[in-house]
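Labels run A, B, C, D and E following the written order; every chain starts at residue 1.
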Amino acid sequence: MSFLDASSMTGGYGAADILHDCTLKVEKGQIAVIVGPNGAGKSTAMKAVFGMLRLRAGKVTLDGEDITGLSPQERVRKGMGFVPQVNNVFPTMSVEENLEMGAFIRTDDFRDTMEQVYDLFPILREKRFQNAGELSGGQRQQVAVGRALMTKPKLLMLDEPTAGVSPIVMDELFDRIIEVARTGISILMVEQNARQALEIADMGYVLVQGANRYTDTGAALMADPEVRRTFLGG
Amino acid sequence: MIRVENLHKHFGGFHAVDGASLEIATGSITGLIGPNGAGKSTLFNVIAGVHKPTSGTVTMDGEDITGLPPHELFHKGLLRTFQIAHEFPTMTVRENLMMVPGGQTGETLWNAWFQRGRIAEEEAALLKKADEVLDFLTISHLKDERAGNLSGGQKKLLELGRTMMVEAKIVFLDEVGAGVNRTLLNTIGDAIVRLNKERGYTFCVIEHDMDFIGRLCDPVIVMAEGKVLAEGTPDTIMQNEAVIEAYLGRGLKNKVKTGAAQ
Amino acid sequence: EDIKMGISMGFTGPLESIAPPIAAGAELAMKEVSDSGKLLGGDTVTPVRGDSTCVDAAAATATVERMVTSEGVKGIVGGMCSGETIASLTNVAVPNGVVMISPSATSPALSTIEDNGLFFRTSPSDARQGEVMTDIIMEHGIKSVAVTYTNNDYGKGLADSFAEAFKAKGGTVTIVAAHEDGKADYSAEVGALAAAGGDALVVAGYVDQGGSGILRGALDTGAFSTFVLPDGMVAATLEKNFGTELDGSFGQMPASEGEGKDAFIALAKTAGFDGSSIYSAEAYDAAALMLLAMQAAKSTDPKVYKDKIMDVANAPGEKIMPGELAKGLELLAEGKDIDYVGATSVELIGAGESAGTFREIAIKDGKIETVTYR
Amino acid sequence: MSTRQPGAARGGKLRAPLLFAAMAALIAIEAATTGWNGALVIVNMGLISAILALGVNMQWGYAGLFNTGVVGFIALGGLGPVLVSMKPTPGAFSAGGWGILIAFAIALVTIMAAVWLNRHLTRMKGLAILAVLIAGFFLYRAVFDPAVAAIQAINPASAGYLGGLGLPTLLSWPVGALLAAGAAWVVGKTALGLRSDYLAVATLGIGEIIVAVLKNEEWLDRGVLNVTGIPRPWPVPYEVDLQADPGFLERVAAFGLDPVTTSTITVKLLYGALFAAVLLVLIWALQLALNSPWGRMMRAIRDNEVAAEAMGKNVTGRHLQIFILGCAVIGLAGAMMISLDGQMTPSSYNPLRYTFLIWVMVIVGGSGNNWGSVLGGMLIWFVWIKAEVWGPQIMHVVTATLADGPLKQHLVDSAPHMRLVMMGLILLLVLRFSPRGLLPEK
Amino acid sequence: MDILNALVAILNYVVVPATAYGAQLALGALGVTLIYGILRFSNFAHGDTMAFGTAITILITWALQAAGIGFGPLPTALLALPFGIAATALLVLGTDKIVYSYYRKVRAAPVVLTMVSVGVMFVMNGLTRVLIGVDEIKFADGARFLISAQEFKKATGLAEPLAIRSTQAITVVTAALVVAALFWFLAKTRTGKSMRAFSDNEDLALLSGINPSRVVAMTWIIAAALATIAGTLYGLDKSFKAFNYFQLLLPVFAAAIVGGLGNPLGAIAGGFIIAYSEVAVTYAWKKVAIYLIPGFQSDSLLQLLSTEYKFAVSFTILIIVLLFKPTGLFKGKSV
């Protein structure tokens, strides 16, 4: 069984379902990337995996354990970390405090991890005492990813981590994600910078209208002209 | 058309824009790129009247527009989108668009009470226009949805859609592409080119997607640390060592993914 | 027949703490009459309480409207504060022809209000007290005073009439400063009063409201040591809260020679409330007057018995004390005249308000002592 | 993230008519149990409350302006009837009227001079402005104080103020609205830049300041001494006049009715008709406005000011407009209230009753929904009045089972305080079961 | 010229009372600002929470006094305070469970919560009165004065008195301690930071593993403690009367706002601004002038505005501050 196995998820925000029998799986230490048009339900699927959405059907297991009924906080304690697409920083707290909050559930010394984050995003070290709300869009995004890395999760979920970050930082970020995966952490991310993302992905999911349209290895999806044309911008 | 001279914007002791001077020529699609925190959005905000500059001037067609409030700039034909989407969350998507055009008859109370015939006509026209825009953005199925319920990318589309509701002289787009599906972004790029060619809109575009910039923009202005670092055609810019160093980078170090499971 | 009588007081609101004894005073008289079984051949009296809030004219009007139109009361003891009284009187009592006797509304404006003969009060108009207070202060040899008043029609009216009388007699008023009741802090007022100076401080306020705050501040900062305390300030709480600190201060209140009041206080004590609390005795008298007038008119119809109120209140006739209502009722039933003295030596003058005898008091060894009546 | 909307859809289209029918039923029950007089008193004040709630709803529901100075604007509106419909005090104007006008002129000139200095000076600006202000202040006091003293000396027990113009009372309603609107303009010009709770406390302060002025400027409205005997508006007669009118008595007798009751009910019905007429006109105007592009623009501004500004809407201007209009409506209701009460008692204007209770009406009704405000206004006023009866009753029920003793005695004595408990409980219950109000905005 | 007397007059009538009053307001404002900062609504029930806490403290004080337990020169009420705090904490936690938690769950707008708090205010208001009645209650015992007016005059031979009540001193000291503790707690401790995180972005706090119910409970407990301390100190210094605590709400809110909502330092600054403006602007300078300017004679009191307007003055100052600093002196939050 996969490390994360979210199968046949069906549900939505109100009466109408957004997700229809949607399945996502990530193996241990692998990177899975979700792509798809806007409004396909990618973020919704992420929220569902994280327990922020009530599912009408389907089930989520982590490392073989059924976590379908758990609250988001409980999932955090099971080793899941999440960077939402929007509202992903604490605006009136300093950058450093944002990172500390990422480490909230950790009882060990997290100063090394913080140093690692600062090494990854040097601008954050410079702005460590500034409130996150006063940062530029791309800087915030870096704070958001940094916060999730602080958790030292077993499964890291990123909803468009590279939206708004400069190419150089994006490269750094993808590099870092690969490194993280190498340490055995599983990664599930949504990306619109899909070509770069699929390049490093073990597994790719194309979601359309809340359902799985294509599922294959990242390379295979990249190679599929139909997928390239309709979803990856040619 | 737009001329920015020696502009400074300080937040406390921090110089977000630090003496930038640049020009956006009429009829161009000017790209504005630069590292995160370079001061691009701040520059936009100063031009669009959201922030008062610490010093420096902004002129539009020779007229000093420094510090004018945003709503006056709108009526001068200067439109902008926001990097972090600013939709009207409790209104429907369609209403989000219909509210845009200025000088609507029904916007004064007196007319709202006593000019209902004229308002009805105008509304019908607005509705048609809004539906066209929604069609173009591929979100017409959402026209009666509350804008607050849109997905991240859909909000960005709506952001763009608003600028398409009126005739504009110059449109400032702050990362319309971030979070937008690349296939759709291509279509948007085409539309920008079309608006530029057919209706003579001037664009100034902030974007981190270099494909997009390369395809659309000429010239491209690079900002770093609040100043203009370089300016030129996309090709020269992408070869510029300083720009590569500060912004573009040299691609992934770990070209090949070798996960533990493989 | 069971006669319903309204009691409209500010049970909630800024004067909520003095309302219960007032209502209790009125109810005491009603119970006494009811228990005697002598009213109109054995009628009983049931009090109907209503909350006038003291400050909200609209709420007071609605309350009195309810009493009159749905409960069908035959008379009302109330209102409590002048403003609210005027509202409910003109909007409800007069249009419906119901008698109102207020124990405590003391605004001079009520002396001349158009009431169709339906309004009376067992307290004097504030115009009188100012003069009495002037005399008392002058007799103490004090020529210069500072004045502070609670900022309502009562305080303002009293302060104005006092200041005028005092100046007319050659005294100096260094400052007339208002204070709002129920405010968090009175340092500003005390500071201003202290700066203005004077040999004594006149506090035309309420003892369990801002008045106490002013006293406290003035005493603690050493700004004044002699205080002149009119009706609103004289109550048992004064002894309790200040004790000997006020020794040497003096004042006056509308009240009458001991006997009636003492009798009432004793009655109140058995009934379980503090009869010396302000306007409690006046409320007893207000209720008693209405019930006696009914007996005299042989009718519970307010439009009929309203004309008898002055008769039972004033001479000639046999004097009736608190606790003797049964006797009064009997006499009236026999067709004899009575002169209701009651707890406050009721004597209605003019358009039906208390003439106002005043009790001069002084504070000695932490106790309020009666000096004389005037 | 998601904005859930519990209960919004419940009841659907029928919700509003059903709730209004329920409200009418409540009134009818009240009338059946306690008589029409009592019910009509509640209805009349309920209508005024509805108008007040409409005014607040315009500001909050349409534009998101958190005005907690409602009490001040109600009070200012109440000044309308005093200034318009009371008889002038003989000799008052000649004694001090001019002095007061001159003093105001001095104040105006001083402020203008200060503003001019602010614009044109560069060095020593602060000092110069301060000097001008202080000099102006003392000059103002020097002219103002004697004029006031002269006016207040005229028959202080019953007059002591300028009095009014002796014009018809109906005219005073728009004047009350204008007074409130004028103050709102000044307030809006200075304070509308503030956001949410900061605006709330600034306006709270302004409300307190206005009430303080009305309480202490006796030459204007007798301050705490109150103005009484304010004339009724056409066509409302006085009960005593009706009771003395042979024509009326004859008609009443023909129907076999009691003249006193009939007269009181007639008066209340006439008041009610006047208020209802005003309310209907307002509702019509507001509904049209809300559903027009103007309303759309206001909602956009409320939703996101920055974006609305970028889309060419003059946010400051619109805020000022709606603030003034809302205050005018509040002032209108304030004037109507005074002509219903027949008196002006400035000390009765306390924020709990005249600001927060109105806010409760708006929120309970459903902010942004005009009909909701009307319903909330009627319902909360009904509850406010009935809580006075229900509260003690509950206490009696509770204590009925207790054995006699000090505890029972204490509780029985505390019965009046149940009014507040009752009010609070009802408010909490309503908000619990429809947290977006009884009639939520669509 | 008599500088000493002038100085003492200003100290006695302006500085000492305004400082103590300012500290009282500040303590109240701290509670308001905390709730606003973390739970994001203006809690109108805070004044009545103060009243309730004080009422409980008084009842326990009486019990202690009856048992013959005292606290030396300090008021017995300080001994009773912990019990008062505990009872109040229970009450507000219960209220949160029954009332407020629902609105958080449905993500109601802040204004709805504010109106809900008005409802709670009514209920608590009635409860407190049923509990302890409406009368004025004095419950201060122990030493009344640090420096009494008479003693001061005797000791210094000055014409002007100076008095400092021990309750005034206690209030100021407590306020200083409490604000320092709160500031430290919010800025430095893990729990404090998690509370701020929760207030900033509830969903993200959830994603960071912060337990929202713990944060909420913590906030209420601290707020209850602040309210009870503030109410008791105020009651010790002045006296207890249920109605006054409602009136206290207005200046308390003003203080919280002028300092900047959500900022403990702001609450302190706001408290002093409101208190000083109330006391100083309406102060009559005549006496001081007489001491300072030899031969000064005047009928005028040299008073800028009469005391009727003291409240208006403090609000005017508040508005002026806000015009220059739209979110308060210390950059407060706004929802």
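In this text, contacts are C-beta pairs under 8 Å (C-beta built on N, C-alpha and C of every residue); 3 or more make two chains touch, one makes a residue touch a chain.
Since the model is a prediction, treat every value here as computed from it, not as a measurement.
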**Prompt:** Tell me, which chains sit next to both chain B and chain C?
**Reply:** D
**Shortest contact path, chain A to chain E, counted in steps** = 1
**Maximum centroid distance from chain B, chain identifier (CA atoms)** = C
**Asked** Can you name the chain that lies farthest from chain D, using the mean of each chain's Cα atoms as its centre?
**Response** A
**Asked** So which one's got more C-beta contacts, D-E or B-D?
**Response** D-E
**Message:** Report the inter-centroid distance (CA atoms only) between chain B and chain E in whole Å.
**Reply:** 48
**Request:** Could you give the separation in Å between the centres of chain C and chain E, each centre being the mean of its C-alpha atoms?
**Result:** 35
**Item:** chain A and chain B, separation of their C-alpha mean positions in angstrom
**Value:** 27
**Request:** Determine the centre-to-centre distance between chain A and chain D, using the mean Cα coordinates as centres, and give it in whole Å.
**Result:** 53
**Asked** Of all residues in chain D, which are in touch with two or more distinct other chains?
**Response** 1-3, 215-216, 417, 419-420
**Asked** Of all the residues in chain E, which ones touch at least 2 other chains?
**Response** 129, 133-134, 203, 306, 308, 311
**Request:** Could you check chain A for residues that touch two or more other chains and list them?
**Result:** 13, 87
**Complex contacts: residues of chain B adjacent to chain A** = 11, 33-38, 40-42, 83-84, 138-139, 142, 149-154, 156-157, 175, 178-186, 208-211, 246-254, 257-262
**Message:** Per the contact definition, I'd like the list of chain C residues that touch chain E in the complex.
**Reply:** 13-14, 16-17, 151, 175, 177-180, 182-185, 187-192, 194-197, 208, 212-213, 216-217, 220-223, 237, 240-241
**Complete:** Seen from chain D, its contact residues with chain B in the complex are 2-3, 285, 288-289, 292-297, 299-300, 303-304, 306-316, 321, 325, 441
**Interfacial residue positions of chain D with respect to chain E in the complex** = 1-4, 6, 60, 66, 190-191, 193-198, 200-202, 204-206, 208-209, 212-213, 215-216, 351-352, 356, 359-360, 363-364, 367, 391, 410-411, 414, 417-425, 427-428, 431-432, 435-436
**Request:** Could you please specify the touching residues of chain A with respect to chain B in the complex?
**Result:** 13, 27-31, 36-39, 42-44, 85-86, 123, 134-139, 141-142, 160, 163-172, 174-175, 178-179, 181-184, 192-196, 199-202, 229-234
